[in-house]
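Note sheet for the following structure.
Naming follows writing order (A, B, C, D and E), and every chain is counted from residue 1.
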Amino acid sequence: MIDEAAAAHPVVIAMRQESTSWLSAAYIVLNELTVEVLPDRVVHACRFLRRMHQFERVSTITAVDRYPAEPRFELVYHLHSLAHNQRIRVKTRVGGESPSLESVTSVWAGANWYEREVFDLFGIEFKNHPDLTRILMPEDWQGHPLRKDFPIHGHRYDYMEPEGGSAQ
Amino acid sequence: MSEVPTLEAPVVADLRQVLEAPPETRPRTMVLNMGPQHPSTHGVLRIVLELDGEHVVHARPDIGFLHTGIEKQCENLTYQQAVTLTDRVDYLANMSNNLCYVLAVEKLLQLEVPPRAEWMRVMLVELTRLNSHLVWLGTHAMDVGAMTMFFYCMREREDLLRIFEMFSGQRMMTSYIRIGGLALDAPRGWEQAVGRFMQTFPSRVDEYEDLLKKNPIWMNRIIGVGELDVAELVDLGVTGPMLRAAGIKTDARKDAPYSGYEKFDFEVPTFTENDVYARYRVRIEEMRESIKIINQARAGMPGGAFQADAPKVVLPEREKMKTQMEALIYHFKIVTEGFRVPAGEVYQVIESPRGELGYYVVSDGTSKPLRVHMRTPSFGNLQALARLIQGKLIADVIAILGSMDFVLGDVDR
Amino acid sequence: MLPFVQGGVPISWYLILSAILFAIGASGFLIRRNIITVFMCIELMLNAVNLSFVTFSYMWRQVDGHIITFFVMVVAAAEAAVGLAIILTIFKNRGTLQIDRINSLKN
Amino acid sequence: MDFFLLTIVKAAIIAFIFLTTLAYLQLLERKVIAHIQRRPGPYRVGPHGFLQPLADVIKLITKEDVVPPHVNRTFYILAPFFAVFFALIPICLIPFGPQVEIFGITTLMQLTDLPVGLVMVLAIGSIGIYGIALGGWASNNKYSLLGSLRSSAQMVSYELALTIAIATPLLLANTLSLQEITQAQSGFYFGFLPRWHIFQMPWPQIFSFIIFVIAAFAETNRLPFDMPEAENELIGGFHTEYSSMKFAGFFMAEYAGIVTICSIGTVLFLGGYNPLFPPELGSNFVPAFLFLGGAAILFFHALQAERWRDKITFPLFGVVFLGIAAIFAVPMLWPYLLPVFWFVMKAGVLIFLFIWVRGTLPRFRYDQLMAFAWKFLFPIALINLIITSGLVAVVS
Amino acid sequence: MDVFLFFLFAAIAVGCAVNLVLQTHPISSAISLIGVMVSLAALYLLLGAEFIAAAQVIVYAGAIMVLFIFVIMLLNTGSEETEPVNALSRFLGLPLLLVMVGLLSVVMLDVAPPSQEVRFGSFTGGGAADVGLLLFTKYLLPFEATSVLILIAILGAVVLAMREVD
């Protein structure tokens, strides 16, 4: 599904020329260009965008949990081109029991902490990430707080017990 | 350029690993656990430093001590209620966070705010920038050892906080900028209060420059310290004054004007030295530019309404509520349930004092956001820390930490 | 009691003190295994010798003994500088200060 | 036994005055820095905080004496005593005045005058490092260890420049006794210029004095050379793990060090207890007029005081000042009071300089500090020494 | 008074020296050595060697020992490991030490005339002026030689440290 405005956008045109398979959707809503790619092509798409369109920095990487739906996680990459003063949103969907996809740290070193944050809060695993550990939550935390099935008030945490009382 | 070195080299630096090793195999380096309680980490940042003498061999920042789950909490509040949480993200640039979130939601609602609200927002956000830069200047100077500077900066900040209190009733957690406009109309006498401050402040900035720039010890401590290749800085996601000090002219106020910034005349100061001193100069010049913007906003402040004419979003006036049935119904709806926001997603970027501040708001059509993600500048900037301080002396580590101007609330959210 | 308060100290006592200190230093030199401690024992022996020089100087009412003491101090300072530099290098290379373990010329 | 009795009395007087001075020096520092930073400083305990030192002492004594479990107990407890002990001793060699006759006893206004007094002061000062070094090491804390390593290296480096800076006035005075050094600086050129070493022909010792002051900052670990403490880098450096009276020990040692080094500077370069200008020009009336002026200012402020208690305390202090002025106006007491007054004034100016600098300057970086000592101070001191010795040889 | 002071400082010196040898941690040994040096300085004062006493404190206690402590803290190796000693040295060590002290004492008693006594103040030739005068006249050549020695020592230390950097 590629809408008219997006089809005319130079980035989308170039991406479609490069490969026909990776764009599953592209649209412009509220003046923001979004391209959706398949999860196994994210790294290629990102590398392409960086090389060909000078999206030299990744502004942020995050995820959205659309819980009952499947695949439940929407991974969102916001890219920024300083040279063209342009922003683009790259989206992909992953789901399943243990969601995972390729890390983009090989494209931008700055993706490191954002991916760790997504791993920490959503439990999405990034393959080939140099240091995939929890970043915001304690190391021994159980569960992933930003998932919709994680209770809003968290779990009861017993601070007195040295072991076993880490969470839940 | 994609073959940049990985951010964190093989992990040596957990205290336990090193201490439990037998003495013969113990590395000659010393592991120093800097923070989370340390005067110069500006909050609860922990940096595990591996030292060879006083040189940093390897650094690993450890964050999350101030994680309060604001993003999760936002999902459980109505759109208007969530404004109060955005204050708490960056306690030195609360108005900027208010503004960014509010702009994002307004974009989803496709709501136009009246010009008075826009101009007032610009003025307050620039005052916030002054506030943040003042605190930065004071603490940075104190890190380097110039104790007096801190008190001078706090003196001016006190005036600023009084102004904020005058507007919102709160010194720090203002929540003054609301969806649809402002919380209240500007208080009586705000022009005099801001005017008085603006009269003295420019000379104070000069005074700071005199105090610091004419001090050879201070200059020696910061010139040529904390340099990193520009490409690497961009790659690591550094934004704001740190990037402008490296010669890249990027500023959301110019690149993607919001809230009517295109109507103001100001410059984006950049320097190319890319050291701590350049960062200092960028921030000092930014203070001067902010003064210009505030003066323009003050001089040309439009009259009229301070809230949008959108009865479904903005609470009705007290008077109308008591006389009109419709207004009463809207009031009841907004207070009990909140307003519905059309489904969609938006990524709003503004220039906070620390750099690129982005709010990614996803709505599923209900009155509570599905997801609010905060792209905070401190988080992005802090990623460069390990690279910036590698191979430096401990004293330089302090100077560089100071120059990065991060707020731990902003990092951990 | 009175002579004890008012009388002088026989000069030989100083020399015996010097001998005792020297003997302690020598024994420490033999029984200690840490290079730095061994080094300090050498300093102790030098000090003991210095005491006897100053005592002899007093005995003959001449300052020459002081001069020799002075030279010993200078030599000790030079020795400490070089010796400690060597110890530092040894420790960095071998990771130990135990004198028995530093028994090979080449690693 | 007269000698012993006299010494004990003098020691008691000096110890009492010195310890009180240390307590109030700390108040003075806080007040002066507060005013540099445009804030009032301590003012709650007593009028304008005058009883603050007392409150501090009570607080420090009654605080729990924590000994962390991971420290090396012996040296941890020993270190502050080392520091205080060696910081307090040198004051017994400082001459506050010439020989005077009081109640029929002739004595020096000084506890004891050794023929090698100055070298003794240096010797005791050089042992003073151990307090800091041991404290840092025994704390078994990495910040402390870094602090004491820095302090050892720093003190050894700056001691060199300090010693050479001290050597030049000795060439002029030709003695090591502090009393004789002071006496060598009495008299005036052209009837008004004092023959202090910083003015003395053939080669005024101004450079030497400046080097001395700079090295003194480093020796006492004061900003801009407070590497061992550097609270922004090393939290508290060597005294991070110390609390209550043991911390107070280090604290006191620091201030005692300042007083000592300022006194030495006064004796070596500023003419000790010799007056600023000759009595013929009226120098004997200076203290009386000074305190009179102080009293006048206090009375003036009392008239327009804003707080009601200032209306009481200002005149009260004014009366005290008037009383002191009256004491200084009695010519009979001049031989005893004037030398002490001049000495305290000069040392006080130097101490004020220490405080002023702390309120103004940032901290050096460690390598800059070392480079400054070895590449700048040391060569200049050496050149100054060569020039001075050459000129002294030529003139004599 | 002389006897009292002598015994006081001699006791401190011997006690510290024994402690130096018996302590296993180098820092304790170093502090003991400082104690020995300071009490020896006091004894020098009793012997009328004022300048040497001051120099002893400045050079030995103030500089050399600071260097030692600096190195010990820098390496921070902890206590020395005790190793088994063979029976012969364990049982013969102390007696042999005492024999050695005894022999030395006999020689010393022989050398020193028993009649001569040390009294504080009876010899005042140890001031800075006297030492300096002799140093720059009679001992000028050795003095210059020591300065060259010091220079070489500094260079040597620097070279060793430089090699360490590589």
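Convention: a residue touches a chain if its C-beta (ideal position, glycine included) is under 8 Å from a C-beta of that chain, and two chains touch if they have at least 3 such contacts.
Model, not experiment: these values are computed from the prediction.
Leaving out chain B only, the groups of chains that stay linked by touch are A | C, D, E.
Looking at chain A and chain B, no chain is in contact with each of them.
With steps allowed only between chains in touch, the distance from chain D over to chain E comes to 1. Ranked by distance of CA centroids from chain E, the top chain is A. The chain pair B-D and the chain pair C-E differ in C-beta contact count, and the higher one is C-E. Among the remaining chains, the Cα-based centre furthest from that of chain D is the centre of A.
The centroid of the Cα atoms in chain A and the matching centroid in chain E are 71 Å apart. Between chain B and chain D, the centres computed from C-alpha atoms are 46 Å apart.
Put simply, the C-alpha centre of chain C and that of chain E have 4 angstrom between them. Between the Cα centres of chain B and chain C there is a gap of 64 Å. Touching of two or more other chains is recorded for no residue of chain D. Counting partner chains per residue, chain A shows two or more touched chains at no residue at all. Annotation for chain B: residues 23 touch two or more other chains.
Per the touch definition, chain D reaches chain E in the complex via residues 72, 74-75, 114-116, 119-120, 122-127, 129-130, 133-134, 136-137, 145, 148-149, 152-153, 155-156, 159, 176.
Residue ranges on chain A touching chain B, taken from their complex, read 29-30, 32, 34, 47, 50-51, 56-60, 62, 64-66, 76, 78, 80, 82, 85, 87, 89, 105-114, 121, 130-131, 134-138, 145-146, 150, 152, 154.
Within the complex formed with chain C, the chain E residues making contact are 1-4, 6, 10, 13-14, 17-18, 20-21, 26, 29-30, 33, 36-37, 40, 43-44, 46-49, 51-52, 55-56, 59-60, 63-64, 67-68, 71-72, 74-75, 77, 80-81, 83, 85, 89, 93, 97, 100-101, 104-105, 108-109, 111-114, 116-119, 123, 125-126, 130-131, 134-135, 138-139, 142, 146, 149-150, 152-154, 156-157, 160-161, 163-164. Chain B makes touch with chain D in their complex at residues 30, 32-33, 38-40, 54, 141-148, 151-152, 155, 215, 217-218, 220-221, 393-398. Across the complex, chain E is touched by residues 4-28, 31-34, 36-37, 39-41, 43-44, 47, 50-51, 54-55, 57-59, 61-64, 66-67, 69-71, 73-82, 84-89, 91-92, 96-98, 100 of chain C.
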